């Protein structure tokens, strides 16, 4: 139920948006995601934008690993 | 309007008849030609028998020519 | 060749004066062309094709009407194959085209088949297109009776049936024409009897009831030429093997019970009083015109087709400027080119 | 391979105790299979496919109903492509088969397309088949609202929408099962927010909200394994780039305005209270069940399919005696084999 | 209005040549039908031909669409002066078609190939959505080995040549029409048959044979017209010499059909040097399958480019190409 | 209930081989697909092949049914190790089809033939009733000249051989699906193209090439399976090596499609001796049309008869044949 696609918004006309992925232009609706702007990335599911994408997952992963590193360092500190 | 086909009756069931031409068996209706019997020839038009065929056209032609001959002979007699 | 045929041809070809002889039945036109009869008879005999093909004489408006019916959902049109290609007020209107657009149009050989189709499709309206002269009118009447007896109420008829006598009279009353003799369609006469054509004796013309095979046509011509030579203007019967004096009375009673004459429009000719046959009031539940009234369109464009003149024998097909020159069996403009027994089509096909 | 991914995999594979982790979304099942994730993680982690494919959980009776609707004249069925091949109470019943029989069934990508189709076909009734969890429910609601605003009254919805929470609770309350952790579908959580899954914290299990790409799934597993190691049973969010605490409130308000929960039958599982979504009274003019009431057939034959047990993670697809042995993607017996994200289909396709 | 395809574009008559000449050939190689015979000789050694079969009903008295598909291509090769060797078989199935029927059709392909001594060596199967086919359409293409000393072509035809048909005229078209329109309850039978047994005679009389053709769609009348149109010769055929099965003749009388415009699927028309015609026809008639073969006419110069039909009364008329498909009629 | 044809019988996947093997081949020559390749060598000199084209829409980004019909047969010949020479062209038209469209299609046939240096030498046209076609269906059959020293066949494949694709994967299928379902307003383009420019390289590397195939219906995944099923070898392909057009990748992401199961109409899969693979691929990539060619995998013996897909994470899975046609989906 979760085939989503991240689109970069190139155009907004009221409830209708146009976005892009890999050079593909795709129309979508903004019925329940209003506060977005051209240039934003949104996750589109079944033709509707469901949420703004705030950052890249890769960054999220990096952050999580850095957090882990910090924890490990702390843990090591504690052990010392 | 006159594509008729002469059929030889092989079977009669009330208003439905079966006839034959050149070995082809064909159903037809007898709604307005009642007094016919198996073995009779009928002229069938658009699926309905329209009349019984009383003799072969060739015979009719022969008779007509014989008549003509008689006339000619008479005529010649008269002239003589 | 058969000796008798040879003898008859010889007799025919002794005719020394020029005569115009009109066949009023398309099947005669076909037979004459197909057997190359023009080539084997004296040039003194000018064979003219008259208004004999009921397909040819069906008015544009009637074709448009049945075409529109065909396109309606839940309607099955049943028709003799002859009508499939007849164009209505423009070449894109025909039952064949309707079929091409998905309409349920079925070719039948007998009117009774239409009743059977109605029986098998109780949720559809089955319309039978009644065309033709006295030969097919009883078949239509019989179908209505059959539907009635079997209690089939989704069977309807669109009657564009025509009568021979009124149109022959119309031809005879046309002063521009000069018809010396009529080849009378044998199967119409089978129904009407010789009697049905005795009205011709009130006119100054010869006539013979004739069959349709090559031999029979030659025999008919032979008989007529004899009569011409003898000045005998009684209606001749060169189809005695089938045609009687009185005709098929049962058939006539049957159709007179169910149909009655009305004024009707003949394509290219115009309206002729009492020349068509409509379903009587009493049987109106079988009349499609009760549920879908037919309205004549008075503003219809007049076609450039000269069928009218071809049909009454005023001109030969080749004399129409469109013949073979815009009008041909593939793209027929006029009805005479559509039916394979239409005068123009017969001339085109056998271009003798 | 990306260093970070490698690092995460290494961390995941340090897990020393055996755990059962259930993904409840078919797209997760697919991603796990497609990326060969089972092969690269420790055998201590047992990934189980739960009731996540809304196609799989749609009841036979609902399929039979929409199939029959499709066969009616003047009805256009609009559906996401996923539903085309789902069989009803027997393999000959599906929207695809209806289409094969001439029904007008159209695949759409967005519910708004169904509204457009209704606009363009004012003489047809256009029925949109609403399937899916919280991710697609707002799309259905938006379509109804759009139809309303534009005054389109030939647009109707058949809602077989389902909610995630009730079925997860049903799984958790099943004593035969022993699920240690849930991979929460990221896009459902996008709508419901992390909050929407906090009910899980009342149960003895770990959980993470996870995206769908290979990397994201690995990241989600990594997060969950960390939590397991740390004994942290709070709902994890490994999809922060999209999923917020509160979710998409506008979307939830929208669907709560137009739809409301009702008891619903889950294929293979049975009835779960308040697990389906129906159209509210106020919007009933858009509810196809108003014009064609859906009646559940209590006497329906029980299928030999073990989907129910597969769906709640009790058995793996291969443990169903019919798997690959009468039931395969070409001749699916159960719904899990039909949708490409059904557990059985995913296992079959990627037969790892 | 846009010009569209009509059924008459497919009947093998006037409109078919129009679409082939004006749309296809003119575009593809700037030429007209002249250069595109039913079997084309390539590399001066092989004959190549193709045909699609869209017949309905699929099973009929005398054959089925499978048999027909083999006969059609085998006969085009034989009439093109080749010994048929290899066939391709490409099938377009409509969703919902019964597999058991397909099976029977393929069996029939097999049997007919065996009779004809050809092999199916390549194939294809496609499926189209319900409502976009007619159950099954088949295409066969064929490769044959050119027969030596044979030089076929319209240009070889000379006044004095004889026109031969290898059997009764019009059986296929009339019987299929009756089956399709559910007339006559299958009393007629298609002539559908491979012409391979003619090969030894074609080899023997190679240098006397001018042109050969299997008169399928459009019938004998159309094929004869194609032999002479735009040339300076004509063909005269004689009514009394035409071999017509009496049942077919009866059906034609009942429904107003003309066997000369009706398709044949197991007949060849052969134009041969008049000096060997009677010798040749005797040998043909000695083969059981061709016992009704007949010399039906001759090449002359009576009218440029026309086919003339001489009736039993001596009347002559021009026999044109088919214009529109025959329909059963009542008048 | 009677077994009937379903759309899945025509998708080039599992059910297509089932119908071909169990119904057609078993009947016709007692053999299975094994012996019926896309182009069959006859008389040890010529290749012969056939295909019917039933694509809709008839005009699409990157081509039309006319171009496709030529490409399909030309490519079957090239991949069958032949130089394409002669084509047949058989068209089934539906009543009501616009003649102007037919004209454009035929022009496209012409252009594609010119590019491919083949000639249409024989043809056929049939018309079917409205409601029994889809406007136009085309069959082409083709004859080609066998390339010397080339010995193609599954049996030649050995562990260590390389698997090459001549360009991006899945363009045709994905773009046609989007056009048919009216998605993405024609932003994608079919790869429809004749592979004739590969011929010089095929000649040059003739003795190293083991098998070739154009992965049309059923896509790359199905073709690779056909190479190894029931054998003792396997193929492993690597996710990161697969050349995929980024727009096609985007469309696949949007609609849940898989390029590996999507048809290609201008691509070849070539299995070549591993020792010359890198040299060969460089030469292929030097041809502008094939600049995205890539070695996507290798032959090994990891699992008998299977195709294995190694994800970018190192995870492996089995890549089966196509079962049912792809549909755009949302989950």
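Residue numbering begins at 1 within each chain, and the chains themselves are lettered A, B, C, D, E and F in the order written.
We adopt the following convention: a contact is a pair of C-beta atoms (placed from the backbone, for glycine too) under 8 Å apart; a residue touches a chain by one contact, two chains touch by 3 or more.
Note that the structure is a prediction, hence the values are computed from the model and not measured.
The greatest centre-to-centre gap from chain A, using C-alpha centroids, is found for B. Counting C-beta pairs in contact, the pair that comes out ahead of the other among D-F and C-F is D-F. Centres computed as Cα averages put chain A at a distance of 22 Å from chain D. For the pair chain D and chain E, the distance between C-alpha centroids works out to 60 Å.
Put simply, the C-alpha centre of chain C and that of chain E have 35 angstrom between them. Taken residue by residue, chain E touches two or more other chains at 6-8, 95-96, 129, 131, 255-256, 329-331, whereas all remaining positions touch fewer.
Across the assembly, chain C contributes 5, 26-27, 53-54, 80, 100, 109, 132, 136, 341 as residues in contact with two or more other chains.
For chain A, residues that reach two or more other chains under the stated contact definition are 1-3, 45-46. By the contact rule set out at the top, the touching chain pairs are A-D, A-F, B-C, B-E, C-E, C-F, D-E, D-F, E-F. By the touch criterion given at the top, residues 99-102 of chain C touch chain F in their complex.
Chain F makes touch with chain C in their complex at residues 95-96, 129-131. Taken in their complex, chain B has these residues touching chain C: 1-4, 28-29, 31-34, 43, 45-48, 50-62, 64-65, 68. The residues of chain F lying in touch with chain E in their complex are 2-11, 16, 19-20, 23-24, 27-29, 36-40, 42, 46, 48-54, 85-86, 88-100, 102-103, 106-107, 109-110, 113, 119-129, 131-134, 137, 139, 141, 143. Only residues 1, 6-8, 14-15, 181, 183, 255-256, 309-318, 320, 323-324, 327-331 of chain E touch chain C when the two sit together in their complex.
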